[in-house]
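Below: a set of structures, written as structure tokens.
There are two complexes below, and they share chain A, which is joined by chain B in the first and by chain C in the second.
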Partner chain A sequence: MSNSMTNNRSSISPAPVKIQELAKHYGAIKANDNVNLDIEGGEFMTLLGPSGSGKTTTLKMVAGFVEPTSGSVMIDNKVVTEPPHKRDIGMVFQNYALFPHMTAAQNVAFPLRMRSVPTQERDERVKNALAMVDLADRMDQLPRQLSGGQQQRVALARALVFEPRVVLMDEPLGALDKKLRENLQLQIRAIQQDLDITMIYVTHDQEEALVMSDRIAVFNNGKIVQVGTGEALYERPETRFVADFIGESNIFGGRLDADGSHLKSGDLSLAVPATMIASSTPAALVVRPERMRLNRLGTDLQGSNSLEAKVKDIIYLGSERKYELEHANGTVLIARHQVGRSNITPEIGENILVSWKIEHGVVVTDEG
Partner chain B sequence: MASITDSADEQNRPSLQGKFNRWTWLLLPALLFLAIFFIYPLFEILQRSVTEPTLGISNFVEFFQSPVFSAVLFNTLKMSFYVMFFCLLIGYPYAYLMNHSSRRVAGLLLIAVLIPFWSSILVRTYAWTVLLQRTGVVNSMLIGIGIIEKPLKLLRNFPGIVIGMTHILLPFMVLPIYSVMQRIDKDFVTAAESLGARPFRAFREIYLPLSLPGVYAGSLLVFVVALGYYITPALLGSPRETMMGAMVVQQVQQVLDWGMGSALGVVLLITTLVILGVVGRIVNINEVLGGSGGPE
Partner chain C sequence: MNRKNWPLRIFGVFAVIFLLLPTVIIIPMSFSSGRTLKFPPPGYSIRWYENLFTSPLWTDAAWSSIQIGILAAILATVLGTIAALGLTRGEFPAKGLIQAIVLSPIIIPLVIIAIGMFSVFVRWRIAGSLMALVVAHTVLAIPFVVVNVMASLRTLDRNLELAAANLGANPVRAFRFVTLPLIAPGVMAGALFAFITSWDEIVVAIFLTSPTLRTLPVVMWGQIRTEVDPTIAAAATILTVITTIVFTVTTILQTRGNTTT
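Up next is the complex of A and B:
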């Protein structure tokens, strides 16, 4: 990947995108409801959520393919209402949507032809764009002569070549195998930073979102439930849904007691760190598996919650071991430890004491 | 759409180069049928065209020397071309509409184009004679809304045949185009628009080229089928618009010249093969006639 395009690029600063109270209703079905999102110029924003959570609908409203029921989209501080072909937004589709009757170069030249860029400049920019995605030697091949990964890179070059104000990507790597996907994730991220463009990226793959994004907006049931960096979402989820969707979690559902210091979950009473969540509302305590410690029975643990549990299964994952533990009341817990770093190495069937420091627990609302 | 694939398979029979095994014998009844009811009569016609009344190519010499026969051949080609043109003019937008309507509307449009397909040609042609006559529905309506003052002559002439044949052959145009359009990914046009193409430009540069295989297939089918049409031109036309089919019947039934009738049939067959050959050089016939492979 060369940075040949950076030099050509005019020095416009990347456009911020502001989504305000955006809603799309299909009759009684609310595909999107009250979506608010501020995206800075040059930011890589990922819309993450399960299928049907409304992230693609939001993307299509930004692109102009879906008319919002209410609310607005601002690009570069101006409300956009133009039809899609006038919005100057690059878009990459999951199925590539490369024109099958045009070569790679003709596909990339298409947006430049639509803008009446002179032939000579057009050829130059097409060449540079294809060189950027390492496909300079595939210019004259038809899409069906290219592999899936190559097709996706042509689609990327086509979406970038006309220097759009914003680039939208709708699950662009969904159809590729894992190795290729990881490779392209880094490549897309590098190009986005290199060209300093605003990127809105849709995916249902939380790992992909963590690898690529500056910030992530988590969608559920047509709404954004939390926006933040990957680290913030992982370490400080605000709802049970976010905790469950991003990474692995031990989740205890229940209610906070009157003084907010403990959470009652079934017959368990677990100490929790100070929280803003009201004591009457349903809440849950989230503990990440790598925060769980395993101890011999009878160990004295100050400042921690501890539960007696039986080791149900041990899964060896190379760099890690994953322990499945079961408390007497049937609650299943998960602990992960780097191989060689745990304080004890119990056997399957052994009874142990599982614990976590109070401050490693996160209290979240049990909704959304 | 089965009818299209069937007719397609007649044009490109699977090659017999593959392995022969005992299942191959299952082809025997079909081959026998073809041999008795298709290949033998064809051979018979070929033979008669060069043996009756005398051995030699006198029938063909006469065909090309007689102004009447050449005029009939030219007339046939012209008629087929017009019918193909009008089928395309109506059929392409019709297929486009079918492909861009809701499932229910598309179903109704499909039935609308297929119902006439299931009724007898004779019935449909007679229906047109009722509609097109001087006091018929078409003329009364045109006079009623003030487009014309005197009734148009729409029967026993060229326009009459074109109207009738266009109606009857329309499904052959609509169905191949529709089946190709269905395979065009809707994201192509969306992508073109996101890249800066106005809706019409996106259609012209992306959708239209991708739908062309259907256009070629439909046009070829309509043209070739129209070449051999007999009943409709005979009922809706006059002797001036005599086409090859009618001429064959005339030679055999009225002049009792089996040799000349056969020769006319052979000329029609060769004309068809030449057209298929020429079109085959321009486009991939296999693909056009609904073989494997998507729109490319």
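Up next is the complex of A and C:
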């Protein structure tokens, strides 16, 4: 895909980014508050969170578009305070921000022109960058003559062609349809690994984050609530927010009892694995739908929590079935099973016993 | 349009005639063969155009008007574009008030502006100079540039300027290579409006001209009060034709700008 570009930058090692106690306050509104994040050189870091959670503000402070209220950004172990045009950071915008009066090639050439790269080398690099995103044959077209996906790829080529120290992407795939989005996710990931670039990627789409990232920083209310690999965030969420935001969850809110072995949630008392969370604080038990087992009434289940429930609905999703179950106290539970791999296949309206192994539950704090 | 609307149609036709007639009636009068300004003319000739283009009184005035118009248009375009950038992009106290002051020449009666400028320029001993008229007309023309450029800037995607900065363009180069090309239709329209403002202006010009420096409208005004010969109709026709051309170009630029950006 991109041999010449890889060769060009073989001597450059990708820059680590360190965000320290970064804050941005607009009057009383704290867009960002005490954001700390260590990104390794060459790492694909995704900032994930709902809209208004502060992930884009953090990105803009790294790019230099927003002045932090306090705190600092370090790139390559040096604090950056320069204006945006001196930061040498590539960025892909949500709406691509291609210059409408320039062709694809002129757009990609722009950062090289600003750096006074000699014409011949410039043309060469523009050609390579557009070839890398499979647009070599669209060089002379204006952005409005290109499709959304093609525009996005021109923007990507433009952000990479000058070999920036870090590349930022602000929901670059948000406007594209699902199929194209999935395609480009893989393409962006492949290019990032191929060129060994430090990438900071903003999205509100948790699936996208899981597909692309080395690590994910989950944002809520202007703060990072948890950082980790996709697997760590999914299997070991630390807060109810993370459990709820990443993947589907059955969540029981309540309090731990005195010895920390059970969680009281309404009239339920559920056995929980050992936890560091203090017994009196609000806590929640999280169980992923695929961990839920369905059993006939009267089954003896050792080492598991079990609840009697009625099957409310069964949704067939191709590779799996999703069961909506209701306990007598009104609690709705969700179970997912790969088709052909459940131990029982109940009908709608049937009463069954839903269970999960104690160690498959995760206790999380019920805040933030 | 259906039949029921015929009263509206007739009204429309009369409105257009009412608006155009005073301008259009000048045109046959300018081709008169007679010695006085009369409608309908007794016969047709182009002698008054010959007079217009050969008499130093008229050619000097036309030349002054063109010089003043172009200089005022250039100044107003540069200053007005800068003002529009500041008023659209800047964050500073009393922005609304400053915008109102910049646009005030549109609202304030010309006579008041003329008297004010006249007294200041007399004090500075520049009344009657080309510079004085250029400065005065620049002030009158700036609001038209500001309004046009601000309209262009508001429709411009802010991210394009951020992208330019991100890609290594300092603020001046970002403006030169990204912002300016994209707001060019608005800037051009502003410049043409500015030229026309100066080209047509008479109130301030009457105060600030001197016997040696007179603009076309001032000479026309002088002539109509002393000797009413059809040269004035010829001059008026030329004035109207140039204004019409400029406005047509402006309109084309604006509609093109709206469809491409």
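The working rule: the second predicted complex is superposed on the first by the 365 of 368 C-alpha atoms of A that agree within 3 Å, B and C clash if a C-alpha of one lies under 4 Å from a C-alpha of the other, contacts with A are read in each partner's own complex, and residues count from 1 in each chain.
Following the convention adopted for this analysis, a contact is a pair of C-beta atoms (placed from the backbone, for glycine too) under 8 Å apart; a residue touches a chain by one contact, two chains touch by 3 or more.
Quick caveat: nothing in here was measured; it's all calculated off a predicted structure.
J.: Based on the superposition on chain A, does the combination of chain B and chain C result in a clash or a fit?
T.: The answer is clash.
J.: A:Met61 in the overlay: touching chain B, chain C, both, or neither? Say first, second, both or neither.
T.: neither
J.: Given the touch rule stated above, what does A:Val35 touch, chain B (first), chain C (second), both, or neither?
T.: Touch partners of A:Val35: none, neither chain B nor chain C.
J.: Between chain B and chain C, whom does A:Ala97 touch in the aligned arrangement: first, second, both, or neither?
T.: After superposing on A, A:Ala97 lies in contact with both chain B and chain C.
J.: Between chain B and chain C, whom does A:His85 touch in the aligned arrangement: first, second, both, or neither?
T.: After superposing on A, A:His85 lies in contact with both chain B and chain C.
J.: Do any residues of chain A touch both chain B and chain C, and if so, which are they?
T.: In chain A, residues 63, 65, 83-91, 93, 95, 97, 99-101, 110-111, 114-115, 158, 162 are touched by chain B and also by chain C.
J.: Quick one: which bits of chain A touch chain B in the complex? Just the residue numbers, please.
T.: 63, 65, 83-91, 93, 95, 97, 99-101, 110-111, 114-115, 142, 144, 158-159, 162
J.: Could you pull out which chain A residues touch chain C in their complex?
T.: Result: residues 63-65, 83-91, 93-95, 97-101, 110-111, 113-115, 158, 162 of chain A touch chain C.
J.: Mind pulling up the chain C residues that touch chain A in the complex?
T.: Checking each residue of chain C against chain A gives 157, 159-160, 162-171, 173-174, 177-178, 181-182, 260-261.
J.: Under the stated contact criterion, what part of chain B meets chain A in this complex?
T.: 185, 187-188, 190-199, 201-202, 205-206, 209-210, 294-296
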